[in-house]
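First chain A sits with chain B, and in the next complex the same chain sits with chain C.
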Partner chain A sequence: MENYSYLSVLIAAPFFLGVLSVLSPKSLQRSYAILGALALFLVSLFLCSNVLFSTTPGVVIDQKISWFPAMGLTLNLRLDSVSVWFVLLNAVVCLLAFSLSGVWNRKFPRLFSFLGFSMTGFLNGAFLCTDLVVFYIFYEAVFVPMILMIGIWGESTKAAAVFKFFLMSLLGSVLMLVSIFYLMSIYHTATGRYSGDLADLITVASKDPNAQWCFFGFFLAFAIKVPMVPFHAWLKDAYTMAPMPATLWMSAILSKLGVFGLIRFVLPLFGAPLAEVQPLLLGLCAVSILYPAFLAIRARDPKTLLSYSSISHLGFVLFGVFSLSPGGVAAAVLLSVGHTLVSAGLFYILHLVEVRRGGLRLDTYHGLAKEYPLLFLIFFGFILGGVALPGTANFVGEFLVMISAFQSNPVAVVIGGLGVIFGALYLLRFYQRLGFGEVTGESSGRDIELYDVIVLIGVLFFVIILGFQPLWVMKGNGT
Partner chain B sequence: MSLMNGDLFAPYWILSGGILVTLILSMIRVETKRPAQISAITTLLFTFFAAEGQWGVSTTSLFHGAIEISSFGMMILILLCGLGILFCVGSSRYLTKEGIHYSDYYHLVLILILGSSLMAAAKDLMAFFIALEVLSIPAYTLVGFRRNDSRSNEAALKYFVMGSVLGAFYLFGCAMVFGATGSTDMSAVYRWSQQNSRPELLFLIGHSLLLIALFFKVAAVPFHFWKPDVYEGAPTAVTGIMASIVTVAAFVGVVRIVHLVDYQAAGWESYAMWIKSSLRGLAVLSLGYGALVALTQTNLKRLFAYSAIGHTGYLTLGVLSSLTQSQNLYAIWVYLIGYSLMSAGIFILMGQSAPQADAGVELIDLTGLMKRNPLQTVVWGVFLCSMAGLPFTAGFIGKYAVFTAGIDAGETVFVVIAALCVVVNAYTYLRPIALMVMRDADPQAAQWSGSVASKTISVLIALAVIALGVLPQQFIVQLKEISLSH
Partner chain C sequence: MSLSLILLLPLVGFILNGLLQLGAGARRNGIVGGSTSTGATGGAKLAGIIGTCVMVASFAVVLIQEIRLLNLPADGRIFEETLFQWIQLKGAHGLSVDFSLRFDSLSSIFALVITGVGTLIHLYSVAYMKDDATPARFFAYLNLFCFFMLTLVLGTSLPVVFLGWEGVGLASYLLIGYWFSDPEKVKAGQKAFIMNRVGDLGFLVAMFIAFQQVGSLDLLQLNSAHWSTEGGMLTAFGLAIFFACTGKSAQIPLFTWLPDAMAGPTPVSALIHAATMVTSGVYLLTRLSVVISSSPVTMSVIALVGGLTAFLAATIACAQSDIKKILAYSTVSQLGFMFLGCGVGAFDAGVFHVMTHAFFKALLFLGAGSVIHALHEEQNVFKMGDLRKKMPITAVTFGIGTAAITGILPFSGFFSKDEIIFKSLTSPSGGGFLFGLAIVSAFLTAFYMTRLFVLVFFSPNRVEKERAKKVHESPLLMTVPLMILAILSLVGGWFGAPYGAEEGETAHSSLKYGVMAVSWLVAVSGCGIAYFKYKQVQTPEKPISFLEQGWGIDFIYQRVFGGGTESIAKALDQWIEEGIFQRALRWSGAVAQLSGTLLRSFQAGSIQAYLMMILVCASVALFVFVFGWGPYGKL
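So, the complex of A and B:
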């Protein structure tokens, strides 16, 4: 029942598609890219189906490819009930980002589809590898297409954003790399052979007296990536300066790379140091919910607002991760899925509005509901997902993570829980400001097009269906 | 022993013969450079294959122990011949553009390669010195190749004076080591260290002087100050030779001289500690200084000079970890091969991008290259990413090897410092990329002006850099087999 040798297709296919799209004509790049992403999604769905639809929990598909044994590196790929969701989301986000029309009619459309596909490939690599060094390689490689996207298609004052984003991420990840080397080295001392595989390193990490330093290296990398609050300095510039597809990518899936890393690597490797600092971490989560929420309330520019809203909600995901309970982690995965779909949808809609109305300011633009009623109806659905209304996946997720974290640090959860209210405040106000009132400014373009309706309704459908059937996501994860 | 095994010396004979042929050809027809160039490339190719044929040869001493034929020496010779071919093919258009395309360039490069490869083969401190001088004299000449340019003259003079002083240091150190051990044969010194349970002060001073001389050559801080001026003043192709061929030779020398004694021998613990602390100091200073000063450079050659000082720091970290476990030496070779390849690529490419003759490439000249020349941008991008140590490039594998070696040797703190310097360095290397892709083109700026051959060469080097990063297995296995004989 396991298709042993096919997981590597998930990494290779995007690069293949990227090369294909470079070879295809310039004027049709968008259609080719969308078709490619759709094909990728179907391939991912097919390859994930064994794990996705299996009735027994805990099914995994493994594939081991020897890559670089002299240094202990193997391409050990593993698709389990956590990574399956991230792989699928990755393909969905790729499809959504390519669907945005913004970049295609500007410069270098071929390069854009190539970068997008290669980033998807690197992300799949990071989501599948269990070898830590190989994971690091993919994790690091994801930056390169992303900074190029910001650099080439970003707003005019993007240089500082690119440098801040790249250097902060790199700072975190090189320390993680050193921690990985350290773990490999103690494994080498203990057994006489090099290995970077998670299963091998778990055996030594728990016994090592310096494990807390390694934990710090890993934590810093992922906390910067998500980002958690004291490490979020890169976020605003990078999100707002990036072209909309890149923002969508960052908010929807790149941030999940941090969450995924915490779930797959940090939790099993560093149980003991995590348990020691758990109350502190939950406190930090509460801060990462509230502080961005305040910033989002103050925001005057919708992209900034959605960026802060995105990390504020990721704070809830981290609540689930740092609850250190299987239930909490399962809820965190569910909430990640919900968050990815909702924030991708919101940025998508923002882009549709921007294309029709030019750059947006919350205090000057009104009356979009009158002009584009259908667009605004769909927008409403995503806003409800964003405020975690019962019936959406986000509600179930936020509710469950708070329950799991409550046992460890009730104060943090109570304070962080206020974020739900603030979230409702800024998102609904955002909706109201943009939607109602008299129409201002030049209007252009028709109401939402059929293609966008289909895509967005499809995404929204899953947000709602997972709100009623959360066990689809959670059943494999120990609940 | 001795001359009976002379055929083992064949690669060096071929190289030496080729030097004479190239020299004669360059004198017969002064106005055309083609014969000398072809002769040099042919010589290097023959040497390359002769050396490759001797790969895996059992270690043999020649010339009464002064020279040793080993896989290690052959590896260095193969690498240097490869780099030499790149420069002989890739820099002719640049030299013509600068008006300094003299046919002497080719035999000087060959002599430089002969000296460099003999440094890896020398097993006697005096033979080593001769090899060092055979390497240095063509290097001084090449640096001053732009003879009507005052910066080139200044660089050559500076390099020459510094080089002579370090030569004196080296000879003085040699005399002291001879005084302490009674021999200049490296193997004899090594045996002496195993038998003699107490390092003498005379030996300590002598050994330190030798090390200072070699660290001068690799430009570790605080012995670095000649490097930026020499890099800037030298013609771009020669800067590339300095950054690749001379760096390889100098690090081979450092490894040889550092491993002059057996650090595991009884009674040498405090001596090993002393050498280790010095290396730690040199590594940290070079890493930090190189990383920080490179940040603000606007001239590309100076930028890469300071970045080279940073790379010296990483390599010194590799040397440091080889003191504890000699199998860690492979990390230095991995790093050096990757680094010399990408340096060669960068300077060959820079020679093609120079806007007009007699000017260095300023960072600003790269502005908007993406629009004007996508292929060149991609090649630049590959080299810069590799310099920064991003995954899927040779630079990453080199850093990987050095960092793992460092942690295995228990130098975790220094690996963390080096890792932080990677971040600082990344800014340096990202800046040119940002200029190339983010800004719009300046119509006056640099064009891709190389010949077809040199363009092909830079694309090939870029592919090699990626290949080493993606499929390093075979390469590392080979390098792990190489050990340094004593």
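So, the complex of A and C:
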């Protein structure tokens, strides 16, 4: 493929925007950040268009930049039919998170947009690099802005949240780093040169007797990031204590970093050990769907409910990944797209509701649909995406991941499928408690601002259009 | 003329009415109170006209297609239309699902009923909902329902059917909880949606099995494919599909949502919870009849569940006092008859009963709506009585509906029900027990329907005084649909089963007349007993509480499943999540100590240190990319 391309712009551009934001006036930060994110999205769309709109499946754009040749470190960037979606979503999520009014009126607005843009840049780096060491650096760097966001703008007991988040991420990452170094060392033993590139390491990983230990290191790191039960303990505090834009970021795109890592690195590197533990992994997926679903049923705080809902649905994504079939992986990408859009939309709407009414509990009915009809109409659209009703991308995704995983472990799929019922239960109840019943509390705020309508309808539009044209996402994958 | 028009027209209606509702909402927000009532009635008319017109047009298209179909040679009466490519799965055995529609004798009957009866109910709703605050929303939902229902019966493959299947569930949810200020109605809607979802899991599993076994999800291919009889997958498929049907069609064990669904407006009960949506289970079983009937176990289960449901619901109906609840349990019972028919292999009789039932049950519900409307939301049959004088049209049409469901001879219900009862005795999966269940249920049907009819229209007037003055016959817009449905309920059975092959009846003809006589006798005696028992009723009867409470099944479900889910959630939250995960994290002992110092740096002013860190990272990255991409970019 082309050796010369502009993929590095995707990584550099957010940092430019971040630095610019520091230079721009404080009072205009929100508009500036939104425009910047929009520009980033358009640039991403333009740079991705070759892969996105290509008629032949499997088009890949590579860019090789030598960094430390002595160490074998290269900045090999690769845009393929999987990473293209994550790069695009990254820009979209950045736009959505910046659109929330939450943090802008509080302290350090410039810092917020700087952190947001740099996180987006790190994420793009992680989505594009095929060199494992460089990937690792980006992967870790992503969490610095996030931890700072929670630490600076988070709610009451944020210190504990930050600590839990940090501790667990660290645990996973360290083991992964050791695994990466191990793989590089056996590559060195075999060939006499250093390389951290995925393509090189694949050649040795399959033959190594200790590959399963490396697999464990990688798996743990990504399973914590998604997070997958039982590695989810950090989630509750981090999601609920974080300011809403940060929660949106975590749920919508940071969780996909784990999914992406599994698809790009773990699947090709560790085919053999994966196949061995596949039934177990699929069983774990089922647990990962049901356990958070029960916690979501119990949750009375809307944000906690959405957080658990988010990881419950990610369990379905992992069904697709661990089906180890090309079709299942393609479906997992589709479902990731759907999940990102829907969970971002739901957190976004929850924020709009909270801005109007303050924090609401789900113990009683609040009757807000009468007061904010348009907002709650759009809200309902996202709820339907959440329950994966046919006609949304999430349905096609869930259906295909389950049908793929069913071939390997039917029992796990049927048990995990119960999540379809519980998901409908807690999401409907969530919506009903906020929207239905008699109106309580004092009327405040307009229905919904035009800007929010445009953004949300735009997102919802893609959820629906991909529900009928899922091939846009899936055609390039699964070969 | 394109097949897709059949379902696109209601979709257009949904969109137009949706926009109308949004416009009305925007206006209401702009104008300050007071003047909204006049706007509402004007909007009601427009919304009703849009809603009804698209249904009339859709019905016309179905008729045209029907004529086109009948002009084809008898063995090739089928045509298809592909709208777009939908789902594709690459891999060892790929899956390709197109969004296609298929029109044949089976789907045409359902399409005719949906659009035909649907049109009448839309028309009726224009008058029924004229004082509603948000009529455009109502008609939008109703149109949306028709769109999904037509997708369900016209779809060529299981995923397309599933789109309709879940879609009608959604529309049903929206319409049951239509008056969403009332938490009880919202809960009823939620119950319907969740119980349907339980069934839908069966549908999903059936699709997984079918894909694994046959590699295709096309309905015709599933029937013609070679299914391995090893490993019981054929039976598992049949049972999974049937489980899905028990949800949508309110059969044991998933029937308890339907009586609660009566919280919705009455036209909704007529259209969705009597005539169309709840019969989609029968449609699906008939569509897959070849696969389903090749597993004797599945067939026996279907027949048994159908028979038991028919009996159980009929006993409950005898003890209800809410007019809509009686009709709801009656619907469950009649659906039981249809499934009994399917289970004993009389799929054509099942479909026949779907059609006649659509006529007379829609008629009965709309009649009930007319009564409720006249009595200003009174639904208790013991607070009615002697209404035939003030509401003659409603009384006569309701009488015809009652006669039809009871199975009195010239009326339509007789023909379809008799066919099922006869098959339940003679077919290989039938037998004495099922026949007994069917006969007893038929007797009970005659009893509770006559009880209802007598209590409402004949027995002494027990209407509360302030309501009694205003009792009136409903407007023409409501009574005309009643009259049309009454005619259909009368003649609907005269021309024989519309679907399925004629069979040689010589072998059993004497037995057939015997069965006919027995069922007729049973129906007449049921009517007679109820007539004399309730003719002179003055005070509300004390019903058998066990029956009134629906055998306590709903209560048990709420305890076991509702309570169970909450208890499991609570246990997981307290013991596993808090007790193990969160505690383990907190107790990461030494590290926690260390963290104290570490965290203070976040809290206090040393954000600069971290900022510095990011800035350094960022500048390195910038440096590498900006400069690296020029001179070294091509390396």
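Going forward, the second predicted complex is superposed on the first by the 472 of 479 C-alpha atoms of A that agree within 3 Å, B and C clash if a C-alpha of one lies under 4 Å from a C-alpha of the other, contacts with A are read in each partner's own complex, and residues count from 1 in each chain.
We adopt the following convention: contacts are C-beta pairs under 8 Å (C-beta built on N, C-alpha and C of every residue); 3 or more make two chains touch, one makes a residue touch a chain.
Everything numeric in this text was worked out from a predicted model, so none of it was measured.
Trainee: For A:S8, decide between first (touching chain B), second (touching chain C), both and neither.
Mentor: The answer is second: A:S8 touches chain C but not chain B.
Trainee: Identify the partner contact of A:P390: answer first if only chain B is touched, second if only chain C is, both if each is, neither if none is.
Mentor: After superposing on A, A:P390 lies in contact with chain C but is clear of chain B.
Trainee: Once chain A of both complexes is superposed, is A:V174 in touch with chain B (first), chain C (second), both, or neither?
Mentor: first
Trainee: Just chain B (first), just chain C (second), both, or neither: which does A:V43 touch?
Mentor: In the superposition, A:V43 contacts neither chain B nor chain C.
Trainee: Comparing chain B against chain C, which has contacts with more of the residues in chain A?
Mentor: C
Trainee: Let me test your reading of the model: by the given contact rule, A:V133 touches which partner, first (chain B), second (chain C), both or neither?
Mentor: Only chain B; A:V133 stays clear of chain C.
Trainee: For A:L20, decide between first (touching chain B), second (touching chain C), both and neither.
Mentor: In the superposition, A:L20 contacts neither chain B nor chain C.
Trainee: Thinking of the overlay built on chain A, is A:G151 touched by chain B (first), by chain C (second), by both, or by neither?
Mentor: A:G151 sits against chain B and chain C alike.
Trainee: Looking at A:S185 after the superposition, I want to know if it touches chain B, chain C, both of them or none. Which is it: first, second, both, neither?
Mentor: The first partner, chain B, only.
Trainee: Would you sort A:V287 into first (chain B), second (chain C), both or neither based on which partner it touches?
Mentor: In the superposition, A:V287 touches no partner, neither chain B nor chain C.
Trainee: Share the list of chain A residues that count as touching for chain B in one structure and for chain C in the other.
Mentor: 67, 141, 144, 147-148, 151-152, 159, 162-163, 167
Trainee: Where on chain C is chain A touching in the complex?
Mentor: 22, 25, 29, 84-92, 94-95, 99, 159, 162-163, 166-167, 170, 173, 177, 180-183, 186, 190, 193-194, 197-198, 200-201, 204-205, 207-208, 211-212, 565-566, 568-570, 572-573, 576-577, 581-582, 584-585, 588, 591-592, 595, 598-599, 602-603, 607, 610-611, 613-614, 617-618, 621-622, 624-626, 628-629, 632-635
Trainee: Considering only the defined contacts, which chain A positions touch chain B in the complex?
Mentor: Counting only chain A, the residues touching chain B are 67-71, 107-108, 133, 136-138, 140-141, 144, 147-148, 151-152, 154, 158-159, 162-163, 166-167, 170-171, 174-175, 177-178, 181-182, 184-185, 188, 194.
Trainee: So in the complex, the part of chain B that touches chain A is made up of which residues?
Mentor: Answer in residue numbers: 370-371, 385, 390-392, 396, 400-401, 403-404, 407-408, 412, 415-416, 419-420, 422-423, 426-427, 430, 433-434, 437-438, 472-473, 476-477, 480.
Trainee: For chain A, which residues count as touching chain C in their complex?
Mentor: Per the touch definition, chain A meets chain C at residues 3-4, 6, 8-9, 11-12, 15-16, 18-19, 63-67, 75, 111, 115, 118, 121, 125, 141, 144-145, 147-148, 151-152, 159, 162-164, 167-168, 230, 232-234, 236, 291, 294-295, 297-298, 325-328, 330-331, 365, 367, 369-370, 373-374, 377, 384, 389-391, 396, 399-400, 402-404, 406-407, 410, 413-414, 417-418, 420-422, 424-425, 428-429, 432, 435-438, 447, 468-471, 474-475, 478-479.
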